[in-house]
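In what comes next, chain A is part of two complexes: it sits with chain B in the first one and with chain C in the second one.
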Partner chain A sequence: MISLRYLLVLRSMPFDGLHVQEALEQLMTLAAFEQPSSVLFVEDGVWALKQAQQPGQLGYKNLSGLIQSLALYDIGPLWVEKESLLERGLNEKDLIVSVQTIERSHVPSLMDKHDRLLPG
Partner chain B sequence: MKYLIQINSSPYHSEAADTAYFFVTAVLAKGHQILRVFFYQDGVYHALNQAAPPGDEPNKIERWSELAVKHGIDLVICSAAALRRGVWKNSESQLAPGFRVAGLALSAEAMIEADRVMVFK
Partner chain C sequence: MTVGILHLVFQSPSQTGGFRQCLERTNENDAVLLLGGAVVGAKKASTVSKVLKQSSATIYVLEEDLAARGIAPEALLDSITLVSFAEFVGLTETYSRILSW
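Moving on to the complex of A and B:
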């Protein structure tokens, strides 16, 4: 089977609808087809990684478990844009998983290394 | 060239679905192939079969059904997303003409097979 490299780009607030959960579920399906994929969290998308969220009060499932389980599907690395964290007063210690930070200026070359870019 | 189109937005939420529709017609006009249109996330609302906008408005459901009939395009809504939203339960007769239901695996297959993947959200 042909193997293509996928990059899911998550750039908006996690609990504005169900887009993060559904995008990750699609990525897991691709993983079942042995398609290597990773995720880039950028802009407000980085909030999906923040610790100690309680979205149950809003009627949403907690995404932490889903994000932490991505490694089991060989999905990764999880890339996070460094400037997006800084601009929001976050650092790597605030996050639920270990990530690879990437500078904004290097994002285009990261995208170049993938065959398909998927928006969340 | 073989295109997979994915639509993540409902018909009236944004311009995404309109852009997707015009993109598909342009792709066909250029002689390319639409492998599949996969409706995911809120895109599954496209398959509701009772949309009846006033007569002086374009019908955003019907035009997909017409495209499916005219060009034999495979319109697929995601079963999990559709179940979650109550768009579909157990019978495709509940859907607008030309739409069918399938799992995410079908989108993955098309993603692998397509030359180009376009996601409209």
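Moving on to the complex of A and C:
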């Protein structure tokens, strides 16, 4: 089977529809086909990693279980853009998992190391 | 020169953040194709055109989407290359990797 390196560029706000959940679930499908994949959280996409989410009252599932289970599927590393965190008053301590931070200026070369890019 | 990524931007810069978010994350190997409402971002003297000027990527605008909005090619920044639908297809052949914004 051909193996391609996938990068999900996740920039959507969570809990505004199921978009973020579905984008992450796509990666699990890729993992089932043994395609190496990782995620880059940018802009409002970083909110998916925020600790203490309680979306239940809105009728959404908590994303932290889904994000923590990515490692079990060998999905990773999880990249987070440093500026996107800073601009939102967040830092790595606010996040549910340990991540690799990357500066915005290095994002193009990170993308360049992958064979396929998925919008999210 | 290595072939980078073809970024497709679909919406006007005042409608969604994708326009600025994309252009801030491109380098000189990349291409950005503005289509749909995003074409207005390439207009000379528009506030957002400075975001375009700061990008080192090659910027393309889909001519059908520009014409639909009554914008003449001369009204665009000089660095812009206009493409037809057929040339759009050619770009997707040149760049094997595509990311939509």
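The rule is short, and it goes like this: the second predicted complex is superposed on the first by the 120 of 120 C-alpha atoms of A that agree within 3 Å, B and C clash if a C-alpha of one lies under 4 Å from a C-alpha of the other, contacts with A are read in each partner's own complex, and residues count from 1 in each chain.
Going forward, a residue touches a chain if its C-beta (ideal position, glycine included) is under 8 Å from a C-beta of that chain, and two chains touch if they have at least 3 such contacts.
Note that the structure is a prediction, hence the values are computed from the model and not measured.
> Mind checking chain B and chain C on superposed chain A, clash or fit?
In the superposition, chain B and chain C stay clear of each other.
> On the A-aligned overlay, A:Arg104 touches which partner chain: chain B = first, chain C = second, or both, or neither?
Second partner only, chain C.
> Looking at A:Val42 after the superposition, I want to know if it touches chain B, chain C, both of them or none. Which is it: first, second, both, neither?
After superposing on A, A:Val42 lies in contact with chain C but is clear of chain B.
> Of the two partners chain B and chain C, indicate the one touching more residues belonging to chain A.
Comparing touch counts on chain A for chain B and chain C gives B.
> With chain A at the apex, figure out the C-alpha centre angle toward chain B and chain C and round it to a multiple of 10 degrees.
It works out to roughly 60 degrees.
> Per the contact definition in the header, classify A:Arg11: touching chain B only (first), chain C only (second), both, or neither.
second
> Counting only touches as set out at the top, which of chain B and chain C does A:Pro119 meet: first, second, both, neither?
both
> I'd like to know which partner A:Ser64 touches here: chain B for first, chain C for second, both or neither.
Neither partner.
> Let me test your reading of the model: by the given contact rule, A:Thr29 touches which partner, first (chain B), second (chain C), both or neither?
The answer is first: A:Thr29 touches chain B but not chain C.
> Smallest separation in Å between any Cα of chain B and any Cα of chain C in the superposed model?
Taking the overlay as described at the top, chain B lies 6 Å from chain C at its nearest C-alpha.
> Following superposition on chain A, which residues of chain A contact chain B and also contact chain C?
Common interface on chain A, chain B vs chain C: 116, 119.
> Which chain C residues qualify as touching chain A in the complex?
It is residues 2, 4-5, 17-18, 21, 24-27, 29-30, 96-101 of chain C that touch chain A.
> Give every residue of chain B touching chain A within the complex, in rising order.
8, 40-42, 80-81, 84, 103-105, 107-109, 111-112, 117, 119, 121
> Touching residues of chain A toward chain C in the complex: what are they?
Residues 9, 11, 42-43, 104, 107-109, 111-112, 114-117, 119.
> Please name which positions on chain A make contact with chain B in the complex.
Interface residues on chain A, with respect to chain B: 1-2, 4, 6, 17-19, 22-23, 25-26, 29-30, 32-33, 35, 116, 118-120.
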